[in-house]
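Presented sequentially are two complexes of subunit A, the first with subunit B as partner and the second with subunit C.
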Partner chain A sequence: MNSMPWHKQAAALWKKDIRAEMRTRVATGSMGVFALSALLLIALSMLSVKGVEYRDALGRLKPAWDDAGKMALLWTLLCFAAFTGLAHPFVHEEESGTSLALRLYMSAEAVYAGKLLFNLTTLAAMMLVITPAYMLLTGMNTGRLILFFPIMIGGCFGLGSVATVVAALAAKAKSSGALFGAIGLPILVVFLILLMQAAHLCYAGNATPISIVKDVGGLVSFGVMIVALSAMLFHFIWDD
Partner chain B sequence: MPAQTKSAAKLQGAWWKYTAGLLMAYVIYGAFAIAHGAIGFAEKGVAARVIFFHVPCAVLSSVAYFAGMCYAVRYLYSSHRKSLKDDWYSAAAMELGFLFCILCTLTGSIFAGIQWGSFWNWDPRETSIVIMLLLYASYLLLRTGLSRSPEKKARLSAVYTIVALVPAQFLIWVVPRILATMHPTTTLTDPRMTSITYKMVLYPSFAAFTLLFIWLMQLRVRSLRILALRKERALRRISEKY
Partner chain C sequence: MNKAVLIGLLAVSVAMGFTLWAFSSSMTPYVDIHQAEQMGERVQVRGKILHNTVRWSDRQHALIFMLQDKNNDQIEVVYHGAKPESFDTAPETAASGIVERGSSGTPIFVSDSMVVKCPSKYDDEKGLRHNIHAGTGAKV
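Right after this comes the complex of A and B.
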């Protein structure tokens, strides 16, 4: 086993994965193409409701596709896009047979941290491209910027943490590609509910500090709990 | 007897199975003959009788998850040699959780159709139970994908059970509390919410369903043990042959 501290091992693995990704561009390419195609489809299919208004139960005029609804669709798109590419780091190690070398030279914690970092970097890069493009095409507003950024970062963290642990599990199974989405998306549905709840605050005029702490805190705590549990349990997945 | 099977094997003999059968018969009879139609419910209060079947199923679908998770933790962190029996108990609990989730969704949907005019209303609790159903389905799917080695299957499905505890916790405790729900939230905690005739049937109903759950779990573990033995014997036969 390598005598380097775990964080240095994780950083080395992250650098190795970034280099490998720059060479092949499988994960970023598949996620990017999926996200852009889905974005185009959403923008085209939602043309009919753009600018349409309806009366709610209290008789108030409301847009049929409001900013909160647009945000919900953006995160659904990001979730599905993430699930097309984030399994790649683990599946690639298993397919190319390099996982044995990693097991010999690195601790399980370092592998988990390195892969999580790589997935978070890939996700952040995808979000930086897709979110402005989505806002341009659909006319989504950011609402309150002071809430918009923490929600986007919290969302990226939660999505990345779920995708990493599920990818590690799915890579060990038969037909891992099909399983990755099937076992990961039900966990993400709960995360998306929390995310929508928090995203509403960006556009709600009457959001109180308590509701902000409760909803944004709920969102962040989901990701933190998944990371904590995954870090504790990763050696059971990794050590064969 | 190994230490890990002691807790589940405490209920020995046939007496508790007869009790479960009698209690279940009493609950079915009591739901229609003892409990009166409740005020404020459709069909002269008849719709409220679903509570005797729906609520125990909902509670057991959550309890099953915790039972499955406890056995998963026990499997992963047992200091001595890991026993597959813990995995069988965990898998049995999760399979039963899936079954009770389906029963809860069906009974709830029938009630919603009669009481609220639509079989599905996107109520947070309705959504929660369907996501819970999906979590159970994912667990079962993962086990199917890991069928090559029993130890690997046990280890990885135990990890999934523990990781999926986070969304399960949010579904059971957080989502119904942060979103407005049409479901009454104090039926079990506030004694004034139910009449004496309802209490006379509802509480035995919990006992009946819990005993049924334990019974089904024992049967499932026994069938998993037989399947494992058969597989082991078949492998031995093949290795002797070649």
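Right after this comes the complex of A and C.
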């Protein structure tokens, strides 16, 4: 076993994964192709509802596709894109047989931290490209900026943490792609409910400070809970 | 116990409590009409459908009717969505939505989800329920 402290081992694994990704571009390629084709599809389908309004129950004119709806679609896109590419770091180690070397030279905690860091970096990079492009295409507003950024960062953290632990579980199976979705969906549903609840706050005019703390805090704490649980239990997945 | 495990358990407990607290607001509680008016958030209201008040509004694209709860309070429900199949014969419904104020300040329950209760569907002409298990068709 390596005598380096775990955080240095994790940083070394993160650098190795970044270098490997820059060389092969498997994860970013699959996520990028999915996200760009989905963006194109949304842009084309947007034409039919652009500027369309409807009257609500009280006779007020409202846009057929409001900002909260656009935000929901953005996160749907990001979730599917994330699940397309974020299993790769673990699946690649298992397929190429390098997971054995990692088990010998690194602690389970360091492997988990390194892979989580890599997935968060990839997801953040994808979000930085996709979100502005989506906002340009659909005309989505950020709403309250003071809430928009914490929600996007909290969402990225939660999605990355769920995808990492599910990828570690699924990589052990032969048909890891199908298993990745099947295991990930139940955890993802809870995450998406919390995320949508928090995202609505950006556009809600009557959000109270307590509801902001509750919903944004709930979203961030979900990510913290998954990371803490994964870090504690990861060696059961990794060492078996 | 290992210090790292202790910190981990503490972080999990705090985060789980916070997550459950946040998750609880995604649930829609059952309340009466008076409480629904006071709360001003998404709730479910159960009550009798006053069938003589049911109408369709072309302008609002909504089904409008009066709902009466167990305390005999009444509220106008504006329901957006497909009309449930057995709505016309259903005695009661549970509608999910939020109370908003109309232009005259009257409370309106704006709903987008509704479940109708229709026990009469399983009764015969004499009001007896059929037990249809095991294909016996025996009445209970």
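Just so it is clear, the second predicted complex is superposed on the first by the 240 of 240 C-alpha atoms of A that agree within 3 Å, B and C clash if a C-alpha of one lies under 4 Å from a C-alpha of the other, contacts with A are read in each partner's own complex, and residues count from 1 in each chain.
Just so we're on the same page, a contact is a pair of C-beta atoms (placed from the backbone, for glycine too) under 8 Å apart; a residue touches a chain by one contact, two chains touch by 3 or more.
Quick caveat, the model's predicted, so the values are computed rather than measured.
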Subject >> Which of subunit B and subunit C A:Y54 touches, first, second, both or neither >> reply: second
**OP:** Using the superposition on chain A described above, determine whether A:F222 touches subunit B (first), subunit C (second), both, or neither.
**Re:** both
Original post:
So, A:I193: does it touch subunit B (first), subunit C (second), both, or neither?
Top reply: both
**OP:** Tell me which partner A:M135 touches in the superposition: subunit B (first), subunit C (second), both or neither.
**Re:** neither
Original post:
Which of the two partners, first being subunit B and second being subunit C, lies in contact with A:A12: first, second, both, or neither?
Top reply: neither
Original post:
Does the superposition put A:A43 against subunit B (first), subunit C (second), both, or neither?
Top reply: neither
**OP:** Figure out whether A:A207 sits in contact with subunit B (first) or subunit C (second), or with both, or with neither.
**Re:** neither
Subject >> Partner chain in contact with A:A231 - subunit B first, subunit C second, else both or neither >> reply: second
Original post:
Who contacts more of subunit A, subunit B or subunit C?
Top reply: B
**OP:** Show which residues of subunit A both subunit B and subunit C reach, each in its own complex.
**Re:** 190, 193-194, 197, 214-215, 218, 222, 225, 229
Subject >> In the complex with subunit A, residue positions of subunit B that touch it >> reply: 76, 127, 131, 134-135, 137-139, 141-142, 145-148, 152, 155-156, 158-160, 162-167, 170-171, 174-175, 178-179
Subject >> Residues of subunit A defined as touching subunit C within the complex >> reply: 54-59, 190, 193-194, 197-198, 211, 214-215, 217-219, 221-222, 224-225, 228-229, 231-232
Original post:
Which bits of subunit A are touching subunit B when the two form their complex?
Top reply: 165, 169-170, 172-176, 179, 182-183, 185-187, 189-191, 193-194, 197, 214-215, 218, 222, 225-226, 229-230, 233, 236-237, 240
**OP:** Sort out for me which residues of subunit C touch subunit A in the complex.
**Re:** 5, 8-9, 11-12, 14-16, 18-19, 21-23, 25-26, 59-62, 78, 80, 100, 102-103, 108, 110
